[in-house]
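After this come two complexes, each holding chain A, first together with chain B and then together with chain C.
Moving on, here comes the complex of A and B:
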């Protein structure tokens, strides 16, 4: 029985009560913050007096090692700018935004981190909590399908439930799409018991019921720089024209906002021209031949036939 | 592959010299040796001083680490992620480049930050009636792990941080209130309440647990067969055993041979060479009875850098060795080996700190205070026990240990 070399020290550091500091200020964000843990939780995007016609938007950012220093900039600045841009330009009415940090289900401690849906810049506090684990591993993909699964199974969104209008889901990263979600991973990450593994196609079908799904390829990421044709090919086979090529990672906000606008029915050329100088070039590169036709759901079309 | 392993067991209240003897046994094998922790947890403080003067107090790593030996944390060892990381950092800072591997049985229980908090709150609530706990949550961990709804083992850590955070939140929200009620703690002070509610504390603990997971390798006892020599390193001492010590001033652990036999049987070992260790005088750290307690150290040469006083344990206390008590404790414990006829056992004795006594050693026998030369005291005790080998240590390093085989003695 030796000395208590550990007892009070860690608690003191961890304690909110010391020196009038907020606990979160004492700690550098290491490890997943409990409030971003997707295990056993649901997220809701609900209409309110202030946001009577809410629209859910999910942005998932790859925070693995292959993204390098870009992950820091995108998580610490890019996501914030994106939120501000969406709130400013309102490509859809009353946007409710949820951000995710995406890792690797095979080797990371925190393969997925999720904020709440927020209707204003309060989300900034949660963005700061996202842990940049910089993990990932020898495989060629990251777990971009985890936000898909989470969105499909663990979000309730009024835009879809009340108005049959799909939400938006963007994943952002430089690697290839994964092939499947292992039942064991679903158990560990979400606490869900799946009877079998789910293929990425099955997951896409599942999430596409209630979300428009896009992927943004960060062309400056380490993996994409080495294997860009392969990365694009695999994503296009999965998502077709909803693959957005981001050649300047500082323009994520403009690209995402533009994609939503085009998908909502605005003219692609007009959207591209609405940005100045270099930005319009980046946006044009990203949008490719993205069509506007998919914005109106079957239900919306049927509703349009009805006259009151 | 070897079939005979060494076992080191403290015969008293801890602080007997288990670290020294573990290092002594395993050092010849070096990296081909493995040290098995089979009871207790990171509240252990086993001091090893190498012949070249390096010194470390082992708590979570096996005491063979300085000699390059691997560690196996068996299912009877309570893991403590943050202490493990601190010790790893200390060992690395001390120049132990490339730490020897640490294997861990996935069934081993894991202490949480809430066990530590509960332990400290309980000891404070007891005030003057403290049990002498180290304040690290060991007993609370054992208590919590009895309930499957709130148990946490190394296997759980392998599920990842998401599961762990969820599990910890369940423990905090559902187990802690129940346990506080059991302990009779009605209201928390503001600081403790803030600690309990802190998300950052939870985050930081879970992160440490994930690092612990990465720094260790999963293994079963069969791993011992891959090593030339296994040394089982006991923690605490026989007089602190949860069943045989004086309750409640005990540890929630079997401190004797029992768990070692269990691990050895799982590992397929067929023989154990068991050494009971005692100092040449009796010490106790923390609260609880100490028969014949002396007002201070009995010899001028006693120096102990490991046992610094702390809030939860107080300072080191002293008495003369009572040979009758010692023999009874050791024989009672060794009798447990009869439950495992498949494992051959021999009984040995190690007496440490003999260099601190000066010319005259004092001890109790048959109720009388007697005096003998230090070496004669050790020899006399070895004879009473019928020890096969008598080890005497004349300093803190393994090169001060003398082995004295006693032909004709049997285990």
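Moving on, here comes the complex of A and C:
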């Protein structure tokens, strides 16, 4: 998928259609749409004539409890900002976006929902098909690792296959990371037979082969408001500087774009300054000390010796 | 020679791994040169308006240099003058560059010429190899033939390099060269015994309390006759488990367990992950993404190669032998690989 091109006018029309509507009017689903069920499916991000150098970007949104507000904001404005800013700023070319709805593998009916990779307005249409189950259990985490497993095992992306360029994967939520993916959950959710449970560290090893993995902590979320130090500590032990602190959920798109820019080698301070007003403050807070990585050619890579 | 060279984009060209020049330059010396000229004309920064022209020009130049070594200067005598005034000559069959210098593959030796600036890594390799210990004579007999013998066949300093010469079996072939010979993909049955052999070595590493940290196509030699693998290269990066690593090649950083760069400590999981990456590379796709689609191996084997390692080499080896190989190939059978040194190097 991903064979079409983003059209700003399409987005303006779609965004205007959400004005004045309540979240439950926009996200009207009362169950998981079959087309979003990850069981036994693969998703592809392929180059095409209109997107010759595609780049896969996955955004996984916590849809438990009050976190549905994030998906609501992305459907109204966020996706438009995300794509338009990527096209304008060009940290990567030809973005193909896949959105996920993340729930809880232990207790939800739809612990993971996945759209296709799309390059045009269809991503917004599919996002709105996600069921805001508003579940989640009494535990301290949601199943943020499900998109990792899905990305690693069930996506095929030309940016990596053809150009050895990793895709991007952002998960967004207010709770702690889970500790493991149970083989029973992998069977039930994806139809995969794992020989054993996989720890969250093993899942990161798996997904990091082909994706840059980030997590966005929604500081306004109920759980994060109560246990922020604990949430940050656990995520930082896993992802280090790739934990982004979001203090205004309405600026998620800008934070995601900025993280991609910095990861692609742009100066963090310059990226922060490129946004105006409050947005620059939110972006600076989110990026923290995220280091700019310098892209090296394959020649440099072969000759490179990493000295510790 | 590829007929679509002129259509290749900057991104496609830059994505060709430097270690795989034959993906761009195939054929004999004349064809390689012709292809290089065509590409160089197109991508010379004075001619191309593409902002990446300079990077592409450098990259294709490097790939050409590598491909030319395969086709024109594949073998010859290597002469090295030691600091003590003696001159050494090694007849080699194939030369490879690696991140510390050059590897010369000979009939009965592999000579590593390491740039003088890496004395600490050379010292680390010698210390580790010298200290390899075995629980019993039986273990020594089983494992030692697959590791570098100490004392080395030769070790000396030149004005600008350290030269380490290791003995190897006459039929031992560098995996990189074998993979090139087969056009980038080995039959899954042969990948299976290579992985088995390396997992066995990982079990020994756990016993010996070390991690090698650089298992790859460029450090392993296979013996088609014996169905075994000798791990001769890459010892520069070895360390005792838990010890701080001095360095690692980029490939290790790419495929090692998540968080390795943060801890910088030797961990057996690195070797286990690198064995899986090597298995995928031998099947033609180190990323593992295409293996299923291209049916490069039986599903059970692909699943195992793609999933992360557990961290327990004995458990890994047991699962591999009793479950994965059985589910993939049924009862054990010797898969003959009629391949000799002369098929590849002469």
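Note that in this section the second predicted complex is superposed on the first by the 241 of 308 C-alpha atoms of A that agree within 3 Å, B and C clash if a C-alpha of one lies under 4 Å from a C-alpha of the other, contacts with A are read in each partner's own complex, and residues count from 1 in each chain.
Keep in mind that, in the parts below, a contact is a pair of C-beta atoms (placed from the backbone, for glycine too) under 8 Å apart; a residue touches a chain by one contact, two chains touch by 3 or more.
Every value quoted in this text rests on a predicted model; they were computed, and no experiment measured them.
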Which of chain B and chain C A:38 touches, first, second, both or neither: first
Touching partner for A:233 - first (chain B), second (chain C), both, neither: neither
Which of chain B and chain C A:195 touches, first, second, both or neither: second
Contacts of A:30 with chain B and chain C, given as first, second, both or neither: first
Touching partner for A:160 - first (chain B), second (chain C), both, neither: second
Touched partner set for A:109, first chain B, second chain C, both or neither: first
Residues on chain A engaged by chain B in the complex (per definition of touch): 1-8, 10-11, 13-17, 23-24, 26-27, 29-35, 37-40, 108-112, 187-191
Footprint of chain C on chain A - complex, ascending: 52-53, 152-153, 156-157, 160-165, 194-196, 198, 201-206, 208-210, 240, 297-299, 301-308
Touching residues on chain C, where the partner in the complex is chain A: 9, 11-12, 14-19, 55, 58-59, 62, 97, 99-100, 118, 244-250, 252-255, 257-259, 261-262, 264, 273, 287-290, 293, 304, 306-310, 319, 323
Interfacial residue positions of chain B with respect to chain A in the complex: 13-15, 42-47, 57, 59, 80, 82-83, 86, 113, 116-117, 120, 134-136, 159-163, 165-166, 169, 190-191, 194-195, 197-207, 210, 236, 240, 285-286, 306-308, 310-313
